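After this come two complexes, each holding chain A, first together with chain B and then together with chain C.
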Partner chain A sequence: MAEVQIRNVSKRFGTTTVLENASLTISKGEFVSLIGPSGCGKSTLLRIISGLEVQDTGQIVIGDRTVDDLRPSARNLAMVFQSYALYPHLNVASNIAMPLRMQRLNGFQRLPVIGRFLPGSATANDGIARQVRDAAEMLDISHLLERKPGQLSGGQRQRVAVGRALVRDPAAFLLDEPLSNLDAKLRVHMRTEIAQLHRRLKATFIYVTHDQVEAMTMSDRIAVMMDGDIIQVGTPDEVYDQPVDIRVAEFIGSPKINVVPVDIEAARGMAVLAGAASGVVTDPSAVSLGIRPEAITVSSSSGLAAGIVEHAENLGSEEYVQVRLDALPEIVITARAGHGTGWTRRIGSAAHVSFDGNRALAFDSAGRRVACRAYAPRHVGGKAVANG
Partner chain B sequence: MADITLSPDRLQRTQTPATRRRASLRNFKAQGLAWMLALPALFLMAMLLLGPLLAVVVLSFTDYSLGNASLDWRGLDNYQAMLGDDIFYKSISNTLVYVGIVVPGSLLLGLGAALLIESLTRGKAFWRAVYFLPVMATLIAMAIVWEFMMSARFGIIPQTLALLGFPAKNWLQETATALPVLCIIGIWQSLGFNMVLFMAGLSGIPRTLYEALELDGGSSAWTRFWTITWPMLAPVTMFVVIITAIRSFQVFDTVHVLTKGGPNNATMVLIYQIYQEGFDFFRSSYAAALTVVFLVFIFILTVIKARTIENKVHYS
Partner chain C sequence: MRPVSANSSSGDLFKHAVLAVGSIFILLPFAVMIATSFKSPADIASGALRLFPTEYHGFANYAEALSATPLLRYMANGVIVTASIFALQLLVALPCAYALAKLKWRGRDTVFGLILFCLLIPPHAVAIPVYVLFYWLGILDSYTSLILPWTISVFGIFLMRQFFKTVPDDLIDAARMDGISEFGIVWRVMLPTALPAVTAFGIFSIIAHWNDYFWPLIVLSSEDYYTPPLGVATFRTAEVGYVFGPLMAAATIIIAPLVLTFLLAQRRFIEGITFTGMK
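Presenting the complex of A and B:
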């Protein structure tokens, strides 16, 4: 395995710019997710790393070697495709064996019947068969080796695709939305398996996904891409807690972060939310506050802003309450309430929301993150501070 | 109508003799309606397909000749005569040789043309049209053009070959070369059709398979072809083989226009012999017996097609 460097890569298809000067270094053995909405260029970037697509400018360095003039087959990368791309006419064992056969047998030794009797091919074939068995055992698909891909379920196909990737020792694993064709339950399961596989192999993984939960749960670091740009790279915690851009804040986290417009009071720099002092002091350029649902408290008696409970979802372990603010009717705040709080029975009734000032994020008009902090060190219900 | 689809065990649980009678009556009515609706199609099928077929089989056991008012039952006489007929053996072996050359020839050249045209970045439609022209043209008309081209005195082919030192002959009138020339014309004619089938097959191969192979380390065109293209085209190839074989068994137009089975029966093929016996010599019953033999060949091919295409070469 090796380090992978992306240096100032740009790519245009006709007049559309897909990647603009993207740079990223993935350390040896690291699991990095490229995440972003569809069309952000993440798949194109992965294909450029693999060599299936050629960049217009910039370099790809694998280990200490610039690979821009190498064909994909010479870059020693393993890729798991979204469609799995298994060879439908070959059984599972032959599918997994393919990269080894290409590596170790020459064209004549690969011939259907005659190839087996050529010098050297017997030993090579034995070695390949052993490695295929080992890989199959690791992925728990030993009983499927004789089947054709058409006879496998989605999850089994996925394992075969992973098996084909890990049977040799590639410089890095490239995974292009490998879980997106699976049903929800299997997706959660395979997520764990892939993360465990990474820990066991200690190999470099580059994982493309549009699912922020996958990225958050599996990665060492996440690279968030928007409109052909890598706008933030960081650990899952950094990206979640300290987004540098409102687009990152909105993309990461489910349910989505609440974004409310604020005015800044000149004297103290206090952000004013729906006419009430919010208890948060921000940079004067701030125009909105972002507050995660878990930082919001919803109460039927008192709070910073009043509203009506429009909808509530009971997930069992917790409830999500949506409150439409009286003062800002276009804003619906999503708050996380605890287990068994019973908000689903109070849809349509009045409620008050307040938030933890320490966890608020402020953004300027361009969507960039700007400084903000809670006005008072203690947890504030807003009104007390405004009066005091 | 929904009642008819009740599962048997459910019927058993609820049924009394009276309900059972009602149910079977309803069932009978539904079946009757189904037969009524199928009747027009069945009638046409019997009149146009099965009837003539049956007539041919029956005729082959008689001494009927075209224009005769009566006929006698002769049992297997016609088939016995066939076994002593040298021209029959000749036409069978010529037909098999023709099929044996035209099928692989038009298959390989069609596949080659399809691969080459698919690899082009521009002008695909043009080349596709060029190769497809012989398929669209009437073969009788094209055969006449071939006759001119093969003419010893002014045909472009013998004249060109003469420049290279070959004798200026009409190769269609030589016993040794007449059948091979017909084969070449047959290949020329069916190549375009096979090419179009292969192109459709090629466009159905997912691009990601080639990408996966590339990442697995297979980079040469040779490896791509043998690892993915050829096996993925297997269903199309099987279809092409069967269709071309059936069409080649039916070769007639070129023989009729260019050689009339000659010289010396060198190009006598099954269908042309049937035509001659039936319409030149008016031995309709013998022609019918030959037709039965021909139908047996076609039937075997159709069975092979049904068995292999439906069962073996699909991967899904």
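Presenting the complex of A and C:
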């Protein structure tokens, strides 16, 4: 395993810029997710690291070696593809063995029948067979070694694809949306397995996904990409709590963060939400506040802003309540309510929302995050301030 | 439910009736050929429409067919020529199709357009120039002259290219990551994946060149290189005159390998179709 550095990589397809000066360093043994909406360049970046695509400018460094001139196979990386990309005509054992055969046997030794009798090939073949068995055992697919990929379920194919990556003991694992073809239940299960595999192998993992839950649950660090730029790199907590940009805030977190437009009161720097002082002091350039659903309290009696419950979802462990604000009818606020609060029975009734000023995020007109804090420790809570 | 099933069964009946009439139309000449190959000259000359011979003359006809002309020699020529043509066609078509379907290069679409254009050129139109060229090269009247003009099959390139287009890019990328070279990808990944298409192309190619009468007739002068259709033709003009019994026996013999090949390929074809593992 090794460190992987992406240095100022740019890539253009025709006139469209897919990557613009992207830089990122992934430490040895780290699990980094590249996440972003489709078309943000994350897959292209992964393909550039692998060597399947060539960058226009910039360098890829693996370990202490610049690999820009090396073919994909010479970079000693392993890749797991979204469609698994198993060889349909080979059985599971041969699929897993393929990278090792290509590495250790020469062209003649790989010939069918005759190859087996050439000097050196018996030892090499034994070693390969042993490694294939070990990998199969580790992934719990030993009983499938003789089958063809067509006879396997999606989850089993996924494991074979991981096995093929595993055997070559690569400098880094590249995974390109490996779970997106699986059904929801299996996806959760494979998520755990891949995270455990990473812990066990202590290898460098670069994981591309558009699913923020996958990125949040598995990664040491997340690199959020938008429009060919890496706009934020940080731990899941940092990206979630301290997004640098409104696009990051909106992309990470489910349900999505609430964004409300605010006016700034000149005297105190107080953000004013729909005519009511919000209890948050912001930088004067702020134009909107972002508040996560779990920082919002919804109450039937009192709160910062009044509205109508438009919809409520009961997830069992919690409920999500959507409130359309009376003063800002184009805004629907999503709030997290506790278990058994019964909002699903109160759709259409009046409700009031308020929020925890300490957890608010402020953004300027360009979408960049600007400073904000809860106003005056003496006036705790939005309502007291709003009345005063 | 009842009227539906009644409807569909009468619909089935109609479909089968149409197919049966069609297949009779196509198979009848073959039946007549095989039947005639078992009949005596008197039987054939009587002109009566009978499927079964009144007098069994099969052994004599087949013996005559095999002894009057070196029929087996002609068939061996046919095997050498059609097998070489098909092998060389694959050797050319698969890498071409791979380059056209999966590699990115400047002018690819133009080249593909030109290839499609070549589909429009009938082989007969270029027969004379090719003949003259072979004359200058001094390779007329040889296996080479039978094989060489057909090694580049535009149809094969087109067919394989269309099939390769359906192979997921991920599979090729996975092969590249595993260290397989581009040519290795053609032979070790694309070829096994494309086996159904290769089989289909093989059926077309082998039938066309086994049955080809036109080109061998032009380039060959010595009987040593005669292919089966030419061989049968010599049969008709042999000194015995028109002897339909042995002639039909010879025709049956030269068609048999095609029928066998097709039946074998058909099984492979079905296997090939169930050969999915990507999705």
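Here is the rule we go by: the second predicted complex is superposed on the first by the 382 of 388 C-alpha atoms of A that agree within 3 Å, B and C clash if a C-alpha of one lies under 4 Å from a C-alpha of the other, contacts with A are read in each partner's own complex, and residues count from 1 in each chain.
One rule holds for everything that comes next: a residue touches a chain if its C-beta (ideal position, glycine included) is under 8 Å from a C-beta of that chain, and two chains touch if they have at least 3 such contacts.
Computed from a predicted model, the values in this text were never measured in an experiment.
Colleague: Do chain B and chain C fit side by side on chain A after the overlay, or clash?
Modeller: Clash.
Colleague: Tell me which partner A:142 touches in the superposition: chain B (first), chain C (second), both or neither.
Modeller: Neither partner.
Colleague: Which partner does A:91 contact after superposing on A: first (chain B), second (chain C), both, neither?
Modeller: In the superposition, A:91 contacts neither chain B nor chain C.
Colleague: Just checking: does A:52 make contact with chain B only, chain C only, both, or neither of them? Give me first, second, both or neither.
Modeller: The answer is both, since A:52 touches chain B and chain C.
Colleague: Taking the two structures together, which residues of chain A meet both chain B and chain C?
Modeller: Touching chain B and chain C on chain A: residues 50, 52, 71-74, 77-79, 81, 83, 85-89, 98-99, 102-103, 148-150, 164.
Colleague: Looking at the complex, which residues from chain C come into contact with chain A?
Modeller: My answer: residues 168, 170-171, 173-180, 189, 192-193, 195, 274-279.
Colleague: Could you please specify the touching residues of chain A with respect to chain B in the complex?
Modeller: 50-52, 71-74, 77-79, 81, 83, 85-90, 98-99, 102-103, 107, 110, 148-150, 164
Colleague: Which residues of chain B touch chain A in the complex?
Modeller: Residues in contact with chain A: 206, 208-209, 211-220, 222-223, 226-228, 231-232, 234, 315-316.
Colleague: Please output the residues of chain A touching chain C within their complex, sorted ascending.
Modeller: 47, 50, 52, 71-74, 77-79, 81-89, 98-99, 102-103, 148-150, 164
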